[in-house]
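Per-chain residue numbering starts at 1, and chain names A, B, C and D are given in the order in which the chains are listed.
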Amino acid sequence: MGEKVLLAYSGGLDTSCILKWLLDKGYEVICFMADVGQEEDFEVARAKALKIGASDVIIKDLKEDFVKNYIWPSIRMGLIYEERYLLGTSLARPCISVGLVEVAKAKGARYIAHGATGKGNDQVRFELSAYALYPEVKIIAPWRIEEFYRRFQGRSDLLNYAKENGIPVSATPKAPWSMDANIMHISYESGILEDPLTIAPDNLYQMTVNPTTFKPPHRLNIYFEKGLPTLVEDLQTRAKYSNPLAIIEHLNKLGSLFSIGRIDIVENRFVGLKSRGVYEAPGGTILFTAHQDLEIFSLDREVYRLKTFLREKMSDYVYNGFWFSPEAKFTRKCLEISQETVSGKVTVELITGSVRAIGREASNSLYNQELVSMDVHGNYSPSDASGFISINSLRLREHCRVYGSNF
Amino acid sequence: MGEKVLLAYSGGLDTSCILKWLLDKGYEVICFMADVGQEEDFEVARAKALKIGASDVIIKDLKEDFVKNYIWPSIRMGLIYEERYLLGTSLARPCISVGLVEVAKAKGARYIAHGATGKGNDQVRFELSAYALYPEVKIIAPWRIEEFYRRFQGRSDLLNYAKENGIPVSATPKAPWSMDANIMHISYESGILEDPLTIAPDNLYQMTVNPTTFKPPHRLNIYFEKGLPTLVEDLQTRAKYSNPLAIIEHLNKLGSLFSIGRIDIVENRFVGLKSRGVYEAPGGTILFTAHQDLEIFSLDREVYRLKTFLREKMSDYVYNGFWFSPEAKFTRKCLEISQETVSGKVTVELITGSVRAIGREASNSLYNQELVSMDVHGNYSPSDASGFISINSLRLREHCRVYGSNF
Amino acid sequence: MGEKVLLAYSGGLDTSCILKWLLDKGYEVICFMADVGQEEDFEVARAKALKIGASDVIIKDLKEDFVKNYIWPSIRMGLIYEERYLLGTSLARPCISVGLVEVAKAKGARYIAHGATGKGNDQVRFELSAYALYPEVKIIAPWRIEEFYRRFQGRSDLLNYAKENGIPVSATPKAPWSMDANIMHISYESGILEDPLTIAPDNLYQMTVNPTTFKPPHRLNIYFEKGLPTLVEDLQTRAKYSNPLAIIEHLNKLGSLFSIGRIDIVENRFVGLKSRGVYEAPGGTILFTAHQDLEIFSLDREVYRLKTFLREKMSDYVYNGFWFSPEAKFTRKCLEISQETVSGKVTVELITGSVRAIGREASNSLYNQELVSMDVHGNYSPSDASGFISINSLRLREHCRVYGSNF
Amino acid sequence: MGEKVLLAYSGGLDTSCILKWLLDKGYEVICFMADVGQEEDFEVARAKALKIGASDVIIKDLKEDFVKNYIWPSIRMGLIYEERYLLGTSLARPCISVGLVEVAKAKGARYIAHGATGKGNDQVRFELSAYALYPEVKIIAPWRIEEFYRRFQGRSDLLNYAKENGIPVSATPKAPWSMDANIMHISYESGILEDPLTIAPDNLYQMTVNPTTFKPPHRLNIYFEKGLPTLVEDLQTRAKYSNPLAIIEHLNKLGSLFSIGRIDIVENRFVGLKSRGVYEAPGGTILFTAHQDLEIFSLDREVYRLKTFLREKMSDYVYNGFWFSPEAKFTRKCLEISQETVSGKVTVELITGSVRAIGREASNSLYNQELVSMDVHGNYSPSDASGFISINSLRLREHCRVYGSNF
């Protein structure tokens, strides 16, 4: 019996062929499937893997773990990549990697294999996570092995190989793009999307509906404690959701109806390429928007700026696969400290295509309605502002003294 | 005849009372009005000022200057304050200040007066600009002068004073909030908006319509050269707009129909207060979105990150009133250099409530469709990624060696 | 009896005149003196204040507090202003302010007065600290009160006033500069130093000796735990010092002999002026150097970079008077977390004019002697570096593809 | 005849063996030597290479290029890595790479080979530079080729190979460390230095003398224009130096006598390792110190802070090998703009072990002696500072209102 490999198995054509190829190479292969909320018939996939020759198939339901330990912290930290992408796939990778490593250790597998391509981010995310959690692990990434990628130069090579080896192939014709789905989002890339001018067709979007009719605005109260979502109150139905999984599911459903959270972007991959991605993250977008509102409302101005710097760094770490790293650990702790005072509620309004905050309240609010009022002076002495401006202008006037009013 | 004061005059109750009060103090007062695109009957205002006693009224049409020298550079720099506010008022202030200073110098006025409050940002923006451009100027800010603000403790004191002094008062009842409008945006604040939980009523919005019916998506091509918008092509009407003023006006009109660019936020003022503002910036939001897309598409990843840092700084400078400052001058130059390669077009789609990029093309594109394709290797050797990941994991594995896999 | 004022009293001419002036104004004045390690006959000063009319004189020995709660944390955080200044005065101000506020509250004084000038940093540091700790306090800063500064336009006015009011004046002629001393440093400024080309005379330096003879190198081991100095071992004398006060005193003595820690700089004040300062901080410089060495040795590369960013921010906060502020509180916590692994020892060598690290050892070291050795491969596969470089060059080659090799 | 390889040849044992090994592999090998100021008998090396079998040996005197186009810009930008290292080797690498690429192109060589190790930074610096300047180049790095490094596992294997192949070997016994020298510095690493606790022996230092006698202080005026050194005036000898090469040579000589510019550090390599290095950079340290002083003296406070951020980034780019990269190109331009006003002179004093600025003067100075003087008010109104402090404290007082004086 050969060395044990734990394969991150999807049930699809690629990893089915990889499974067979690993078996041919003499490995014993255990398949691992993580349920992070994608639509998938796991039992069909299990049967398929066993049929191909997997010695075991482990299926883990990681949905709750994913929401509580990855999505929730990401919302709290306010992570967003290159101003737009909420990191749905990037967050799932370390979550799945923990599952992979746990099973690999439990089953005594020294190898982990995956079907991520050699140009993408996911290979980096899986492997950096695996090395950090299981430093002695060895990785098999067939799409980076010359023998493999020379043999399988396109989809037809995979289909032929499947046919030859009795690997069942889905009858549904493949969409001309690839997709990755989980409870937070669906991403679409490659195929016809590789031309950045090609407009994604309406039927691409699986998670949100195409807007075709007018929907009256819909309002929600979203509550946070120390930066984490704790309760969603639907102001139309009066229903309340407090379980993290229930919250994200409800917001996905609502956000879907309102076509919220679609982006179409070109992003910078860690390996140095630019790639085009289309994403849908309805519930995540609603939570991100509400949290952002409460945060700026709650935090001291300068703390907020420090936090923003750290958040930018953390977003890059997560995108690049460094969720488990000394720098991410440090940044996460700092960001957590920053959120100790971010508690309260935000009222958001969904209209087709967008969500925005329209009201908010904080448990401990630095917002001082009386102080800011134009009609009240309180302890604020307006004449102080004269000195404030005058001293602030000193540097400018000194600049003019030397260089003239030449800006 | 007293010292000459140039008063930034709005035609409204406040600055009309200030005009009279300055006259009472013995100053000769010239009024200055800047047309930055707000709805205003300037000739009615002129007559009013002259009637109250202004020795002259200067009205400058700054719309084109505002668009070309403030809005356009801001779009190019990607300025946005605290993640959401496109700085419509902040950008208008230095533009108006240049007008004020030019007229003050031409008329030999050593004093500039304004009606901005003592708790706000505008006082700072006007005065820092004025000091930078006219270092020997003296500022009169009545709302910071104890005698003045003790006398006028509320609107009724102003109304009484107006009545006593024959100052005409608008018959339209005042909205329970204040607003500031220009060609880029309208801002609303104070009054009932001071309670951050109060939801802004539908009739507040003047620049964008409330969504009540379904509108089919509307597409535009927006072209940029070196980061500046140069052409807008309406893909529905096939109309083209290349004059900056025409571009912003068309985008405002379209954006208005689609209710684009509304935000409701609490922001951090320079003086240390938090304040609530509601803003509408339909055209600016469309341009910002398109530019952001093209920029990330065009720029090298690391240059983009440097640019983003500088953009954050510049946004704070502009918000805080430092448009004319050594740091803004330096940052502007750097950001301009960053934009030398940001040329191309972006297709955007407007749906009710939102605008997003859906396609793009750059004159010189770092995007390499062939290289990124999953089906082509080209010069990319996938096995290199193994070394890349391995070396990147070295730091993580060293961390684990010492501290364990404890992240 | 008038309102109670607590005066930060130095025993010198300025604050003695201020004391008398406050009494003339009808205040009851309590004097407060903080012993932060400056050379001062506190009892003579007490007698002088009582003679002038102070109702009480409170002298607090804050040396230990200053070392443990301000200098030690500053070393741990690595604070340095504008690359050179170790913040000796800036750190003392919040320490003294805590003393002032405690006494003011205990004595029921609603006013705090100080003799800091209206152009300097110290006024800001005292007052921001006081407002943060005692928000309802009122500050009297005579050097900012027109009546006061018009009356006392120069030293001779103070001398005359002293004479008229029987205030004893030191017989020693005043040096043509001012100085501020504490256990961490002495700063010198103003007077002849105001010309930035004037070279500070040898007799200015009070804390370090002028180098005139050769001294053989002197070595020390300095131990840190979680970033704080815990033990100094003098490798010449074998003496050990573990009490913070004893450590700084010994290092000051040694550093003094080796003329270590002198700087002559022009710095940027918070109020917008540039000012010239000459500083001596012998012991602080030794500790800073040792800590810096251990820190870069101990910390993960990316954590170190984050830490450096935060340290820069914190240095500005402290210099500008924001030791007690939300942003400093947050930053301090983050920096503390970063130091959890900074434990070990550093061997430093003192030679005339400088100190440098020459050896180091960490409790938990990310330094891997075997791994870095040119003669050992261990788990490091050199061929991985090829892939690492190749992938890193991808962005550069893409740039060349579009723009040519034009850098 | 085989493919042409251009080998970066040093004349030492490693690259001589590589030369022979490449010949054995069937390549035609041209040797390239760059004179960047290291002590080397180039003609002896030429003869040796030809004797081993090189088809040609090209020796380029790059000293002037190195000083003007790498060291001078680095001084202007203020580059320093991890707070201490002036980047002497990092700067030489791109300079040498330009030479390599020019010769490779001229000679029609498609391959460049070098003797840098597989764990170090130099491999990255050479190769990234080469790829940026000559994207189609192929690199041969024998120390990363398994066949090569398995064969040559230590120095004795190299010595045996040399003996077998008639390669002359220096009779001088090798120091138990390696060194890299150029006109800016000497670096020492590996061997006995790999233990970070081992103190470098006195006889290691080749560029600066060990301090053994007292030397009276020595003063210099150093002049800069737009950030670049233009003139050094020796205040002892009255000699003047204006040619860049003459300046650095004189400062190296002087700095050497005063043992200036020695550091002993552990640094973070790009590949993720920590390594220990000892460096001497006497002239560079003097120039860095003088420039730093003039810069902070000359620049607006906020521009200086932006500049510092960019300088930190650039230091990392240069250390990591990205001298020729889009980000370095952009940063260099920005830093150049920042230096437009950095002109003037600095008086520095050398004493044994250190250099410091003691006086300075700028062509256009933002330093305002009159304004900063404690005895003059000028246009500065001290009472403005009250408003300035009061407004700055607002945020702190608001924090206390909500959270108490708990910092």
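For this structure, a couple of remarks:
Here is the rule we go by: a contact is a pair of C-beta atoms (placed from the backbone, for glycine too) under 8 Å apart; a residue touches a chain by one contact, two chains touch by 3 or more.
Remember, it's a predicted structure, so these values are computed and weren't measured experimentally.
Hopping across touching chains, the smallest step count from chain A to chain D is 1. Think of it this way: of B-D, C-D or A-D, only one pair shares over half of the A-C contact pairs by residue number, and it is B-D. For the pair chain C and chain D, the CA-based superposition corresponds to a rotation of 180 degrees in steps of 5. Put simply, the C-alpha centre of chain A and that of chain B have 31 angstrom between them.
Centre to centre, using the average C-alpha position, chain B and chain D are separated by 44 Å. One simple way to say how far apart two chains are is to compare their mean CA positions; for chain B and chain C this gives 41 Å. Each of the following residues of chain C touches two or more other chains: 271-273, 300-302, 325-326, 366, 368, 371, 380, 383, 385-386, 388, 391-392, 394-395, 397-399, 401. Contact residues on chain C toward chain A in their complex (touch as defined above): 271-273, 300, 302-303, 306, 309-310, 313, 325-327, 330-331, 333-334, 337-338, 391-392, 394-395, 398. The touching residues of chain A, counted against chain B in their complex, run 82-84, 117-119, 123-124, 127-128, 131-135, 139, 141, 143-146, 149, 153-154, 178, 190, 194-200, 211-214, 217, 259, 262-268, 271-276, 292-293, 296-297, 301, 304, 308, 312, 322-326, 328-329, 347, 351-354, 356-361, 366-369, 371-375, 377, 380, 382-383, 385-386, 388-389, 392-393, 395-397, 399-401, 405, 407. Against chain A, the residues of chain D that register as touching in their complex are 300-302, 341, 364-366, 368, 371, 379-381, 383-388, 390-392, 394-395, 397-399, 401-403.
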